[in-house]
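Letters are used for the chains, namely A, B, C and D, taken in the order the chains are written, and counting of residues starts over at 1 for each.
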Amino acid sequence: MNTVAPTNNDFLLSIEKLTVSFDGFKAVNDLNLYVDENEIHVIIGPNGAGKTTVLDLICGRTRATEGSIRFRDKELTEMKEHEIVRQGVGRKFQNPSIYEDLTVFENLEISFPRGRDVFGALTFRRDDEVVERVREISRMVFLEKLLDKQAALLSHGQKQWLEIGMLLIQDPELLMLDEPVAGMSVSERVQTAELLNKITEGRSVMVVEHDMKFVEDIAHRVTVLHQGKILSEGSMAKVQADPKVIDVYLGH
Amino acid sequence: MTSGNSFLTRQELLGLAVVSLLILVVLPASVDIFRLNLIGKYLTYAFVAIGLVLCWGMGGILSLGQGVFFGLGGYCMAMFLKLEASTPEATKIQSTPGIPDFMDWNQLTELPWFWEPFHSFPFTLVAIVALPSLFAFVIGAAMFKRRVGGVYFAIITQAIAAILTILIIGQQGYTGGVNGITDLRTLLGWDIRTDSAKYVLYFVNAGLLIAVIVAAQAVRKSKLGRLLVALRDKEDRVRFSGYDVANFKIFAFCLAAAFSAIGGAMFTLQVGFMSPSFVGIVPSIEMVIYTAVGGRLSIFGAVYGTLLVNWAKTTFSETFPELWLFGLGALFIAVVLVFPNGLAGLYRSYLQPHVDRLLGVKKPADDDEPASDAVPEAAARAAE
Amino acid sequence: MTEKTRSENAFSLRRRELLAGMASIPMMSMLGGPVRAQDYPTAEVNTTGLAVTDDTVTVGILHSVTGTMAISETGSVQAEKLAIKQINEMGGVLGRKIEFIQEDGASDWPTFAEKAKKLLVNDKVASVMGCWTSASRKAVLPVFEQYNGMLFYPTFYEGLEESPNVIYTGQEATQQIIAGLDWVAKEKGAKSFYLLGSDYIWPRTSNKIARKHIEEHLGAKVVGEEYYPLGHTQFNSVINKIKLKKPDVIYAIVVGGSNVAFYKQLKAAGIDMTKEKPVLLTISVTEDEILGIGGENIVGAYACMKYFQSLDNPNNEAFVAAFKEMWGDDIVIGDVTQAAYLGPWLWKLAVEKAGSFDIDKIKAALPGIEFDKAPEGYVKVHENHHLWSKTRVGRARDDGQYDLVYETADLVEPDPFPEGYQ
Amino acid sequence: MFADYSWSELGSIFAMQGFAGLILFSVFVLMALGLAIIFGQMGVINMAHGEFMILGAYVTYLCSNFFSTYLPALFGIYFFVAMILAFFASGALGALVEWGLIRHLYKRPLDTLLATWGLSLILQQAYRSIFGAREVGVSLPSWLLGSWPLTDLIEIPINGLFVMSLTFLIAVGVYFLMFRSRLGMQTRAVVQNRVMAGAVGINTERVDRMTFAIGCGIAGVAGSAFTMIGSTGPTAGQLYIVDTFLIVVFGGAASLLGTIASAFTISQAQSTMEFFLSGSMAKVLTLLTVVGILMLRPEGLFSLKIRR
């Protein structure tokens, strides 16, 4: 299945021959994967297929055993997490990962990409630019009325949005979302799909998702992972028709 | 929404005013110099407690070795004072005049090289803050860069406190051993043992404490303060928002160390000696309880917590010496089980509504003090 | 140090004047005699505002009741309370009953300083019996000198100190060490010594003096010198080293809980102290410590100090009986406990000699005070504020008591700053 | 320093020193096993571990008094009775503490640290009030005292042998308990996933209580055994706490095997250094090395590389 593509800088993100093993178990095995500019690329696959691990590898949370991850011609595998983020890669976790003790405003403000070193953080001022940007993002993620609320008090769906907002405020070129609609109500899903379609202007989005209805709504391209390898790739229609996919994943 | 931006809210301004009034006016006016000197001594522990608010309460980094920094600061000051007291004339009956008496007893015939710079007062002042901060930096860099946190950090800092104590006691020719550095008399020729000197030192100490409170408050109000709370809560989220998390922890730890060291130096000045019994594990853990009693997130609480625990200690140990340890032990358990937010929590639940009404604040401040029930969970998460 | 020499001069000068002046005062009976308080109007005997009324005088007791040192200091508190009770039964001091205020130093040196100050400044006590460790004494010393108080300090210690405001009722290092070393060299023919101690100032200073004496005066050699942290409990390595070096004498100054571990492991390693060699000589194990060690683990060891509970003299018989009556039959009495007992008595004698509670007058009166009812026998206060006392060597029995095997013929002069030993 | 001795003397000394190292190793393992269960398996930082040990020591003291007064004929075997009682006394106190204190704090490990520190202060004062401030002497049956001369120089301390065998037995017991018994399986299940363990019908509360009690019970046995080599006083327990935690952390907290390996490494290092240096410096160097290594390798000697 491994289509050996030449190293290609046309893609925003090129993952090549990526392998990671935990005590001999290869969670991701010789993987090649490319993400285009402005595309919504969804990764699906059964449990344990290595979906989340791929995201972890890209953002530096897990270190690759072999292979390369190039983002805009920069090698990510050797960078530290915060350096990868500063290259323009944003990552949302499976469970909403927000600062519960802070208000929505402060959550967004902390994520604002300025004053990221110790001295900068000490001298950071909440100027008009920050306030303006926070308001803009909060409108985008449906939270503009809740800016002063403590984040712990938000609903589950609102927390997911807040985390997406926290990524958006950094204006990443690649946004990685791990099950963004898990636990959301139907109406919240619709809003989230809307949101994702809106934010792809000028950036790419990688999504790991189980909810096939939602995948259909948003995906430009789908990759099916199985046991750390790519099983199938292409449009939603194409992978849904692939017998191998039906066999291991959708079939039962 | 603007609350986080202004330097001090009305609430905090009131808090600062009350603390200042208490330690600058009320206490000096109401107790004699003996008690005031005691209070001065307690207040030096408050420096440590405030440092712990920053690094433990806010940042989730529990250090069981703050006594190390308190002690280092105290020893720097003690070395300077001891050298001043050990003039060749004052020590002429020694076999080697001009060196501290305990060195002479240990057959040292010249001043060790690392004592030499402490002849200089400016150097000493710099060293008091710089040495402990540097030490904290080394520990912090080694551990936080490797993502050691929570329990492991606590245990390792505790071991460091134990090591330093054994070292100071063992190297008595250089450090004064278990007796410590004693018999300190003058500071730049000014006799620090007189009542008037004690008054002056008390106010210097109180002034420094207020400065440290303001500094801590400034850090807490800055984005860095919010980042500390954020990384206690969700360290990965902060990291994946593009921050080098270790640097912020190192900063908080170094700042706490510097505060502790100032406290240690003021302790030496007010008490007149420094000994390894302030460096070890027991004092270090006791200092954590001051912070916990005050409410681990509250800077003002740390001051009140320190005063309250020490007042209780003095009172109880005078009246029921046998019962004091029961009381202290129960206090540890109570602040964990019953009042996880300490005095600050009690204040918020019972007093603050009234104060707010008086101040004309519309609703309970929604700035950076989280709702009381959120604290333990957050702390727990940070420790995991 | 200037402080010391200056005040010392001042005080010996005053002493001379006073002694001259006192020749005209009829001497009071030193012990027991009925003294009526009205013969000594409060205004005359107390010119500095101490806590003295027409029928009482208040003193302070300052020891650790809590913390790690409580183990050691309990005996001293008991002895001081006994002495105060006995003095009161005999009519008190200058006709005034002694009352005491007890403070807890809590094994914490600043607390000692703090409580000392409270006793002197707030309570205005006429004297203080207290402290145990050197560290606590060092911490309170500036307080006593600043507020001119009087401290009676009971523990044998390293010397190197001489304050006009302290009476050291225990032995300083040379008193305790030299006679014992002479004895072991002469009686046991000891030629090689292994020095061992807990790691702090008293064992280190004592071993320093011992080493000088062994090498320069006894012509013997030291084959090893070693220190372990306070509270250390694993001594197998040093015991192996001792076995390798085969010294004639193991000179041990181990303290506290470490003691227990040390002697138990020594015994378990097959070093039998009831045999001729090696001789174990200690200066840190009193009958109090044996309680924790267990007599069977230390039987045969020699201890060198000034007092053993088993001393056979009428003073001691009465003292031990009174102590047991007050504190229970199971109690044991060690060297420091006895020294603590001397404190209130010496103070009483000094007050009566001076005819005043004033600290300065007592300071002047103290040198030369003799106490012939001391359980250890006869003691006398030296001008350097330490006591002339005999040094004794005892051998541990398995019931936790010592058999006296040697005592110096004369009182040994205290020498806190020994020439040639520093 | 060796020039004056013959090879056979040196050989004997090294043998003795090796044996001293083994005794130290056994002591460390005994101290650390209970904590390895409580801290390593349950994640509770029990600062009162030393006080649970001392409880065992006091139980032994009471037993020795009881036997010498009422059953002098059986004095020779009282030590075994004492160890069993120590196990149950410390275990029962452990269960009580778990019920009253620890179970409220499983999610807040740093808070267990503070609470158990408070507990240790209370226990210390309780011991002081009950048994007095002085150390108590525990008399041992005569067969436990003394040594067994192998050669002129080599003498094997009997209590050392006893501690070593005891350590071995307890270590084997703990191994079976944790890896072969139902309780061990349940404990590990609860540690790994509390919710899931509860869902499959494990009584997590009971498992927690039993595990904590067993950890404390082992501490009690250790304390009982230590009456042979150490002191028994209200504050003696505090002496053990730093060493014990370092051993467990150095071994890799979650691994019992690691605890044993780390006890071995630290004890050998310390006893070797003690032979060449003075005791204080040996201790400082050992601790510094351990802390240094922990800074470089925070996960300890043994740890599983896990997929996060």
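One rule holds in what follows: a contact is a pair of C-beta atoms (placed from the backbone, for glycine too) under 8 Å apart; a residue touches a chain by one contact, two chains touch by 3 or more.
This one's a predicted model, so the numbers in the text were calculated from it and none came from an experiment.
Both chain A and chain D are touched by B. The chain occupying the central position, as judged from C-alpha centroids, is B.
Note on interfaces C-D and A-B: more C-beta pairs are in contact across C-D. Note: centroid distance chain B to chain C, computed from Cα atoms, is 37 Å. Chain A and chain B have CA centres that are 43 Å apart.
Rounded to a whole number, the gap between the C-alpha centres of chain A and chain C is 76 angstrom. Listed for chain C are residues 65-66, 199, 227, 229, each touching two or more other chains. Touching two or more other chains at once are residues 125, 128, 280, 283 of chain D.
Chain A has residues 61 in contact with two or more other chains.
For chain B in complex with chain D, the touching residues are 62, 64, 139, 142-143, 146-148, 150-152, 154-156, 158-160, 162-163, 166-167, 169-170, 281-282, 285, 288-289, 292, 322-323, 325-326, 328-333, 335-337, 340, 376-377, 379-380, 383-384. Contacts from chain D toward chain B in the complex involve residues 43, 45, 101, 104-105, 107-115, 117-126, 128-129, 238, 241-242, 245-246, 249, 280-281, 283-284, 287-288, 290-291, 294-296, 298. On the chain B side of its complex with chain A, the touching residues are 1-2, 4-5, 219, 222-224, 226-227, 229-230, 233-234, 236-245, 247-248, 251, 366, 368, 370-371, 374-375, 378.
For chain C in complex with chain B, the residues that touch the partner chain are 1-3, 5, 65-66, 103-104, 106, 108-111, 113-114, 117-118, 121-122, 133-135, 138-139, 141-142, 146, 160, 199-201, 204-205, 208, 227, 229-230, 417, 422.
In the complex of the two chains, the chain C residues touching chain D come out as 65-68, 70-71, 74, 199, 226-229, 231-234, 236-241, 243-244, 256-261, 264-265, 267-270, 288, 290-297.
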